[in-house]
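Report on the structure given below.
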Amino acid sequence: MKFENGNARELQIAYIGGGSRGWAWGFMMDLADDSQMGGVVRLYDIDRKAAENNAVIGGKISAHPDAKAKWRYEVAGSLQDALTGADFVVISILPGTFDEMRSDVHAPEEYGFYQAVGDTVGPGGFIRAMRCLPMLVEIAEAIRDYSPKAWVINYTNPMTLCLRAMYDIFPEIRAFGCCHEVFGTQKLLAAMLEEKLGVKEIPRQDIKINVLGINHFTWISSASWQNMDLFPLYSEFTGKYHETGFAIGEDNWMNSAFHSANKIKMDLFRRFGQIAAAGDRHLAEFMPASWYLRDKETVASWKFGLTTVDWRVQDLKDRLARSAALISGEEAIEIKPSGEEGHLLIKALLGLGDIISNVNLPNKGQVSNLPVDVVVETNALFRRGEVLPVAAGAMPGNTLALTSRHVYNQENTLRAALGCDYSLALTTFLNDPLLEGITPADGEKLFYKMLTATRNYLPGGWKL
Amino acid sequence: MKFENGNARELQIAYIGGGSRGWAWGFMMDLADDSQMGGVVRLYDIDRKAAENNAVIGGKISAHPDAKAKWRYEVAGSLQDALTGADFVVISILPGTFDEMRSDVHAPEEYGFYQAVGDTVGPGGFIRAMRCLPMLVEIAEAIRDYSPKAWVINYTNPMTLCLRAMYDIFPEIRAFGCCHEVFGTQKLLAAMLEEKLGVKEIPRQDIKINVLGINHFTWISSASWQNMDLFPLYSEFTGKYHETGFAIGEDNWMNSAFHSANKIKMDLFRRFGQIAAAGDRHLAEFMPASWYLRDKETVASWKFGLTTVDWRVQDLKDRLARSAALISGEEAIEIKPSGEEGHLLIKALLGLGDIISNVNLPNKGQVSNLPVDVVVETNALFRRGEVLPVAAGAMPGNTLALTSRHVYNQENTLRAALGCDYSLALTTFLNDPLLEGITPADGEKLFYKMLTATRNYLPGGWKL
Amino acid sequence: MKFENGNARELQIAYIGGGSRGWAWGFMMDLADDSQMGGVVRLYDIDRKAAENNAVIGGKISAHPDAKAKWRYEVAGSLQDALTGADFVVISILPGTFDEMRSDVHAPEEYGFYQAVGDTVGPGGFIRAMRCLPMLVEIAEAIRDYSPKAWVINYTNPMTLCLRAMYDIFPEIRAFGCCHEVFGTQKLLAAMLEEKLGVKEIPRQDIKINVLGINHFTWISSASWQNMDLFPLYSEFTGKYHETGFAIGEDNWMNSAFHSANKIKMDLFRRFGQIAAAGDRHLAEFMPASWYLRDKETVASWKFGLTTVDWRVQDLKDRLARSAALISGEEAIEIKPSGEEGHLLIKALLGLGDIISNVNLPNKGQVSNLPVDVVVETNALFRRGEVLPVAAGAMPGNTLALTSRHVYNQENTLRAALGCDYSLALTTFLNDPLLEGITPADGEKLFYKMLTATRNYLPGGWKL
Amino acid sequence: MKFENGNARELQIAYIGGGSRGWAWGFMMDLADDSQMGGVVRLYDIDRKAAENNAVIGGKISAHPDAKAKWRYEVAGSLQDALTGADFVVISILPGTFDEMRSDVHAPEEYGFYQAVGDTVGPGGFIRAMRCLPMLVEIAEAIRDYSPKAWVINYTNPMTLCLRAMYDIFPEIRAFGCCHEVFGTQKLLAAMLEEKLGVKEIPRQDIKINVLGINHFTWISSASWQNMDLFPLYSEFTGKYHETGFAIGEDNWMNSAFHSANKIKMDLFRRFGQIAAAGDRHLAEFMPASWYLRDKETVASWKFGLTTVDWRVQDLKDRLARSAALISGEEAIEIKPSGEEGHLLIKALLGLGDIISNVNLPNKGQVSNLPVDVVVETNALFRRGEVLPVAAGAMPGNTLALTSRHVYNQENTLRAALGCDYSLALTTFLNDPLLEGITPADGEKLFYKMLTATRNYLPGGWKL
């Protein structure tokens, strides 16, 4: 890497999970849209063919006349090849296949337990962690060996635990985790301002928020726009809309696996006094099952969608078709920013523009009443060569109680996953709020079934 | 107070809740049975007649030929009178009447939730705290004003929160809390040794344990007798008895509101690897409702009793009758130690014999991974003029996860009780593991009903 | 206060020490130079005449044709009058007179100990704290009573202890402390860049630094400009100039009580590997006397000036003359920004432009290895309604050892000052690195003499 | 190891530094004097001949008719041989020879700096740590590899850093450090009681104390005997004797390298309000040079001795002669307890009698305001299978300030020693209170000279 006229050239980016059809394309677009950086992206994926396809697509994007920067896309045959020399590492992997995910998400339904996403907490998130964390350990060991000074951006879920596992194995790693869930709440607050004041198209970045918590269960303790405190406004707003819901964008929550009417977000505000910052689908999974996921009727009444694995299977089919179309030229490339921030954080770390944004990092006091070293999500200042968390203060009242419960569960999940500890795994699984009401006996049956369903991706230490 | 020939004379003890029929009598017996101390006990009770009766009984005990020490028993007309000049303060009060307790314990049954005791956590413990903590605040303020240097021994439940409230209002208070639940587990381990080795009547004090946790939900992380590690023995023992149970003493758990077959204790050991140290009735209340208190059949299968308020009403009748009989002379006084340790702790603080025992105190690091200043139960060294906690180490795995959930709930309970904060109170109430599965709507109905049922004893700040 | 068209109007600012000839004038200029705010400044000073003069000068500044904003300047007769209704409070007081300061700065010379400023640490800073902290307590109590929600900006030295005392007495106070010492080091780094790269007039704000430590003894652990890491450059730079020194600006250190050749700053970098961030005069006072203040020759060899009280007396004379000239019109008002940031921080808190700058605040983890609650200096993010410290990380190696020594001394200074504790005061005084080598006997003589010299401003609790 | 009739048989003890003429003999005596344990002691020493001699002496002690227990003494050819199978490890080594020690203790005299012992802090302790800590690292690695579960008792100085280094390299090590300095203060308090009350021969163990601090710089924050608070008595006592001193035992401080008149101990009490608990020779070295070690006259006025290396050379000659005499039979063996506690701690860990005593351990909160994980000295409860620190509370006022300065210096000493970091070593060396007043230039000369003098025992990482 070097600088020419204030621009970064010959950057080396390793993309782990480089066969991704989605995140990877958006990232390529964002790189193409920015004139201040250029270099090579090395795509590594255990599905090598997928990486090769993306190299073709990346090449086309970079060659597009609207592209402001030139990037080379290469396929790396190993983690070592991808990482050696890398300035930045992007991790966006899918642990296992839809078979395992189907068990994660749907197996608990047999006992009457529903999940909206199943990739973070709850029984699905727990089992996903069992197979995913050993993969992250392998990646972190490779980073330690081949690119210990590289900045590492993780997008993989369960976010908190993926980072936690990497820091556990290589404490000097310069890794952080990015998630766009909080952006959605900034957009909701902007939509609220439009509704109240008639001010249109306020950029979400102008909604200043203090975020704290853990990924997908973050809370906003203060919010402002220009000179306005948004809490009184939001209080009125949720008073008006908490029953009907308030959806933003053209998407309708009923037709979508991803949208919602923000009813849960508003309900949590009215009960806990802080603005829940993730999307309703994720928030629901952190609360006891009886609150928002009791049964399908309850889900419908809260106006959010369950993302089924059938939907994901169909969605992947669509994306594979799109991949083929992009490669064949059937679909023309169009340079369009993704709305994600990854490339901006890279620029900030290079000294090309400071940015303050929410990010997942080990707690060094930025959340003053959560344990040190667990991974938390708060704002951080990104500048040349450093990511400095902004002190977000203490979590108040029951937001602390609810969050800390997951924090301790996640610590035990980590230890169980890395130690292949059946007993610790089982008791941690049973302690998840989403399984409340299950008897220990039923819980163990479900646990065994789900763990067995994912056995192809478990390390050898497990005796099943 | 002064010393004569190494004995403490003219000690002044204030007994708050001095009309107690039970604890107070045992304490009087213990005082009478020890020749190294003497002085005056000032009984204060909002039920003055009860205090007067106890003064008579105390006088008889002290006058008994077997009494080794002379104590005067006086009735104090006010907290100020009781406390002024006191060297020690004993607090053993009953907050409210059986009417409030009936609601605490039984109101949740309407929604299918059972409690074994209802005085510590769960909906009953929570509501009890709402009326009890303001009383403790008043007592702590009086201690601050009239006897700030006195040692304060609390026996009142909810133990943790009573102490927490007193330290909150008067941080320099020299208060600690005593509870005999752990003694029962020492006795169980002694019984195990008798069963295995044939050694009879091992004193419970000889079973050395490292205790850590919170009152009624304490855990033993190491246990030994002489040169033996008791964990492997207990592992075998629970393997043998976890299904049938193992009751000690002549009492049968089926006939008693207080005894159990220790099945929960053994189940928790087999799941969590640590020896749960309180009695089964208490332990059950700290776990999710689906574990041990799902319904009456579940309770029966775990072989422990629910202490109903009807039973308590009858029990009180018996004790009132006994009080009358003791006063009238119908029942003869017999000097008999209670098995409690309060008087030994007093002696230790006077320099009359060091003792190490489990005690409730603000956490100053004795439990290294619970928050500082919350009240925890560990061993402490009692010596002349000081109580020094023994560092009990960190709570491992899910014992931490289970315990910390209550710790955070209790902190919020304290703030809600002292701040008369409806919203915080409600969300904390809903977060109790014993109410898992209740919907927020039902939960609020139950909360409102129970809080209203105790309104006669709530401070004016509540708007109900 | 209200907002009109995005501008703040009818702001109320209380200026404690409003008779100041210096800080106050600069602040008035900065207010006049900014169109986005307006309102009233209430000047309070125990020297009422000085406040009245400043009200006249403030009025003239506000009336000047170049003034972009209108501010009213009023004299407040009491702290209560000044504070009631205030949105912001500025504190810039001089504790005592030049008589006391003369003793603070020069009395130790009798024993061979020199001070460059004598207002922060060392024997002079210590004694100044003895008389100053009770004043800050009084101010903090008044803020608690009359304007508890106001933002409070302190400029008074000893900065760390002034803030510490205010938070000690009123923990909810929204106070922070501003100091421009760090700005000078940013300017030095800009000058270095000019010298090396030929880039002229880089604004100091563009030099991005991570600051941590305590006021006047802050350290920079990372520094960048655009994409450049300034540490390698500074390493070369100090290699070149550490012997000759490198002064910036037209001022010559030899002619000035305030300038220096930055030799100490460079020496500290070469020894400790971090960029010392305060001016040399202050830095010298935090190190053992044998390093930079051994005697006048040593001072001369390090090319920095001792600010004598004689100089201050003359300087005040000049400023009083200027005050008179400004009032009489002999000197014309000229609107010129001061280079300070106070008004920008006020704007940021109003939502009129975020700013990240170094500031003194209680440690909530922003310096991860200094004790919680002591006052530290790091960057913070100023936004509407909040000041959020940026996590500056841990102090490395001996910068921690050197800094923590002062931290503990300052805690003891606080307790001694507020408790009028002779014994604690004396042992703390003796523990200052600037008095190293003094015998306890001589130390006590000096202590007694200096404390007695300031007795007119000590609370009644002292028995001297 | 096994138990027979409650006695421990076939214990395996590894003695590292087993050629010791002093500690080792005392330890052999203590073992011989106790009937409840027996087994083998494996002596390992880099001076194999010394170990062989001690094996002979040990055999004679064990064969003595008064010996109550049988122990075999073997010479181990390597750390591995000594450690494999060991239940307990004793470490008592001398790092380097008297040549290095001569430089440690006396080199600073050239610059006017005196040391009383030179093995803990000060320039001598620092340089000793540079050569000693790598040895402890090697030993800790061997323990990790060959006897990870063994209990490790360290007697080597610098105590704090030896333990710190072992825990740094092998955090699971079960090591603690024993030191008899505090016993001397218990004896002084017993002598005080004899003088005041006429009670003779109070065992030092009956003087109950709360100890906290770091080895050789411990403080007693409370002390009692039976029902008496010893602080008021000690206050009177020091009032009476602080000028003349008060020596105990027949030894006269003037004739001895080890005794003192306790004047420093009394002076520190009068200044800081806590009872300094180590001997005067050690205490003096933790204070600034100007207090007690200014020059030889100052030392004489404080009535303590400097332990010169000449004295040690002569003393060793005497001990070698005694070794020969014991082997030849010229001197008859006499079984006599040493007064040390090591064997009692071993018994306690085996379950043969609980003991509370002062011990050096990593801080897990036992000293609440020193950093976690640094090695501190407090009381601990020794029981079967565990050493549980007793919470000693917070260090008050300037005892904290004085102690923490050494704590941070010691952390930097550790990092410098293990990292062979010249720059960190030098700045840490300069920061020692015993070198106060030295200029950085002289300090570096002295540092270089002393470090070079010990180069034969430094790891290869140093470039000198």
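As written, the chains take the letters A, B, C and D, and residue 1 is the first residue of each chain.
As a convention for this text, a contact is a pair of C-beta atoms (placed from the backbone, for glycine too) under 8 Å apart; a residue touches a chain by one contact, two chains touch by 3 or more.
Since the structure is predicted, the reported quantities are computational estimates derived from the model, not experimental observations.
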| item | value |
| --- | --- |
| Length of the shortest touching-chain route, chain A through to chain C | 1 |
| Chain whose average C-alpha position is farthest from chain B's own | C |
| Interchain centroid distance [CA atoms averaged], chain A/chain B, Å | 46 |
| Centre-of-Cα separation between chain C and chain B, whole angstrom | 54 |
| Multi-partner residues of chain D (each touching 2 or more other chains) | none |
| Contact graph of the chains (line, ring, star, complete, other) | ring |
| Complete list of chain pairs which touch one another | A-B, A-C, B-D, C-D |
| Chain C-facing residues of chain D, complex | 271-273, 288-291, 294, 369, 371, 397-398, 400-402, 404-405, 408-409, 411-412, 415, 423-424, 426-428, 431, 436-440 |
| Chain D - residues contacting chain B, complex | 3, 6, 8, 208, 210, 222, 224-229, 350-352, 354, 356, 364-366, 368, 379, 381, 383-386, 388-393 |
